[in-house]
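Some structures to go through are shown next.
In the two complexes that follow, chain A is the common piece, with chain B as its partner first and chain C second.
Moving on, here comes the complex of A and B:
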């Protein structure tokens, strides 16, 4: 209830209420959580996990937007399908966890390639059409998840690594999170190396900077679109797969994820990979700390407020490049 | 005959941009298309490189029909296009831009040699090698765009408004570069220019485009003496 007050007061822009809101927030923090050093450290560790997953989702979204000019609204649902695939393969059918994760990657990548071929390619040069198509995919995947998995009972994926490791006195991290963190960071590094060190990576960046000039260098735009969509969808699927043992698997789990990914990509500057990663890290910390000390709802509302503020003050985002230059 | 265009027509949403254009380019030749804005000069180049396809007519390169091919296939046959406005990749370095020019080539060692040759040819690009292309000056970007096109080892170079928006000193330098590319590299050039004086001075043969058709054509020297060309395009 207090959270509601805080938000309501924050939303009224009257200067009179602003100190009061901060006071309420402060009281709230003190009353509900002991602000010990341990908790801060623990939250920082959790933030790193959140940051890496935000970055994975945002990078995929930026790749797809850059190459095809399409905002993929179904990105959160690709993440959801990744989580469902692990639930289906690992929990329901007893595959080894890592094999199920690979399976999830393959399934979601294939869905992404299919989306590119059948829905996005005919919409090239028509961003609105692509956007509407992606919203269609969002609903189709949600309904499929409900049809195949049922709604109501949330699916749980029993963590394959139930233990936890103590880093410092009082600060521990579950082995599940460690594994997810390592894989997520590994993936981000691999993608960075691919984009900056390989011919195909340059080609992909070239297409996102100027697709016609890229075509004039002999770069096949269709192939690069498939590559971007495969990479974008695949990483979203992997993110969902890796997170599945730490969350509830349900058909609408992509919803919060896509909002977060939008906040990160817009604040970072649409089309900017480095901006997306930087803001993902910052926002991961911000979101996790606010969630721990206040609540997840407030964290997301503040995130959206920050996004609106950035859109007003710096419409190209923090590291946004002007498209025409 | 290197390139032969026979009576092509191009339509954008049923509006005719080219109403029947024919032209010829010999091996190692240098021809120019001059004309005002919207005459169809850029469209002609875009049609040759496969960015747009003609609704009527044929384009032959070394005898082979290319008017239905995609840009990457046209490039592989040996036609490189330096688009209007330079269109370098702003977020990549100069070197990365040049290497992308050789994207279609598989002969890695020869690509490295050609990269050195282009950097020798454009010392300014060597100085800026690891700088983001967006931070380079207009003249440097134009050199980069031409260098990038040369990296594909073309037999025919399509140049769209290389002097556009550049200071007179730089224009002179770019003009020399185009001449050198044609003479020293033996690359045939189709030059599209609004700067008719520069274009006719460089070229052997010229075509004057007016609203999608060829109004006048002839030896460049002769066109410079043509009364209509002098009045309409040379401002004399």
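Moving on, here comes the complex of A and C:
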């Protein structure tokens, strides 16, 4: 039996408390020291794709929390609706893929706006109420997905770009991932430009920092809340839409994603956009490298441990909203 | 010519005679009594692919049996009704559902997927003395006298696939394997480790991943880094087999793939290619396979069952679509021997002989060495491979008992190393 197997299997949740867990991790990494440059590069490419999607998810979550003070537990389900929209429009009804992606963005944005207007706005100033409402939306969207698409095997979304590109000898990436990566990075850049170079973006950030002061400056809080919710939901929907040909499209696909989004958001600093993007990139690399060299189970455990550690040592996160923005 | 009073009286008399004594009541459509069989399985959630298609298969089985006159026990004909409960593969829901099926619905047998959903049910099932079945014999132990694994002997049958691979492709010398970290994945890991050791195929990497994994790119990268001749997907969930295969293709893998299951493989072919999937080995045939029409097969009319199923529930066929119905076949066989639907009578009838009719031929009650009790029905199991036309076809029926007779020590060694022997489980 491989020694590495022992590391992977024995690191169950009870191992969280074992003082040698990190030691075992490093021993295992050392065992892979024969690792090739190809493997490192392939893992780095995988990491870039993972990071971009973590960032898309986390940015939306942060926008909604920053402006409305609500932890949107239904964020993973908005991602799921994005993926389902592409399945429905592209796979089931033959729309062109990119048109289906735009359709998914519109659908999920509209759901976000509806949530803001009917569920979150009446709960303004009541974070617990908003949170409970978002959990309600989570279940409603899951049940709707079950009713509309059924359960069982995942929905098949055939990649519109089925080929692979060899970047270097031994390092290849599917064309679908390249396309998704380019679009995701483009979106993040566009969002950064919007937030830093436009009046509406400044207003959004102002409300995120201090809504009362922003209101006194004449900023319409309702309008900004709708903008934040629409953008936040839309980015989650886009993430789901872009990744739908590469992942498991099923009603509960939001579960795993929301855990990662929370890790990124909390470690980055709740409400901090730059923190979310920075940590999304770091966490994407960390998670992918640990998964490749050790195991996915250990990667998830360590991610949660890091989140707990940050919550204890630096509750505002690495770039806490109060400190920097 | 008009109808006379005498004609009306004749017709009335004939009707009265026919309805009273001339034909059995079931032949005239009179309402028969109903026997309920329970299915406590994941119908939604992550593992629903191994629950919901089973319900569809059972409903088809019940319709077929009822249309043919039902089950005759004690001189009476009974209709069969399948009562399901969605346990979502959650232990607490499984117990809740099991109690409901037994105490409220009065079912005569409960079929389960098993695994994580069984331990919480075990005590209550023993108390109720309810005949229960699992698809995972790793649930068996001396403490489960009323639990049978009468269809699928997961994961032991996986040895037949590796054995066939090693004979057909002797050039395969290394394998890299991945498995999800749960009660489906780990016993299967031990079995594959034993099978590859026997086949002298060296395991160069093993990646045990979390069942919540969504991105398989890093896992596949890790596996392919060792440049294996064979990629083994263990008992990965149906969707994971899809995603891992697609990743393997995208990262340039060109070797053999072996897996316990490959449900809805046409979807994987549509995302990869027929060429890539050519030679993919797994253990579950489509039931339109001509080799299932051989005389030793006990599943009733498998080709028609498959055709009817696909017409009724297109795109939902998985391994469990026929497995739960095959358990119903065995239950019917036991109930008819016992001439009673009562759970303990059926169990006694089934275990009264050392063998019983398994879907893939006569099989023996077995398992004491591995699970502490001979409650698993073990015999032949098919090895399936996808051909160049993109169709899965049975390659051979491998004998699990023959493999066991030669290599039992190796399997027990690996099961013990993975803490999967019955005396090691809590």
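Quick notes on this one:
The criterion applied here is as follows: the second predicted complex is superposed on the first by the 287 of 325 C-alpha atoms of A that agree within 3 Å, B and C clash if a C-alpha of one lies under 4 Å from a C-alpha of the other, contacts with A are read in each partner's own complex, and residues count from 1 in each chain.
Heads up, the rule we're going with is that a residue touches a chain if its C-beta (ideal position, glycine included) is under 8 Å from a C-beta of that chain, and two chains touch if they have at least 3 such contacts.
None of these values were measured; they are calculated from a predicted model.
Contact with chain C, but none with chain B, is seen for A:46 once the two complexes are overlaid on the shared chain.
Of the two partner chains placed by the overlay, only chain B lies in contact with A:220; chain C stays clear of it. With both structures placed on the common chain, the touch criterion links A:96 to neither chain B nor chain C.
Chain A has more of its residues touched by C than by the other of chain B and chain C.
Once the two complexes are laid over each other on the shared chain, residue contacts for A:122 go to neither chain B nor chain C. Once the two complexes are overlaid on the shared chain, A:295 sits against chain C while remaining clear of chain B.
Comparing the two complexes, no residue of chain A contacts chain B in one case and chain C in the other.
Contact residues on chain C toward chain A in their complex (touch as defined above): 43-46, 48-49, 52-53, 181, 186, 189, 193, 203, 205-210, 212-215, 217-219, 221-222, 225, 238-240, 242-243, 246, 249-252, 263-264, 267, 270-271, 315-316, 318, 414, 417-418.
Taken in their complex, chain A has these residues touching chain B: 199, 202-203, 205-206, 209-210, 212-220, 321, 325.
Note for the complex: chain B touches chain A at residues 49, 51, 70-72, 75-76, 80-81, 83, 87-92, 96, 99-101, 103-104, 134, 148, 152. On the chain A side of its complex with chain C, the touching residues are 1-2, 4-5, 8-9, 12, 35-36, 38-39, 42-43, 46-47, 49-50, 146, 151-154, 156, 158-159, 162, 164, 166, 172-174, 177, 245-248, 250-253, 255-257, 259, 288-289, 291-293, 295-297, 299-300.
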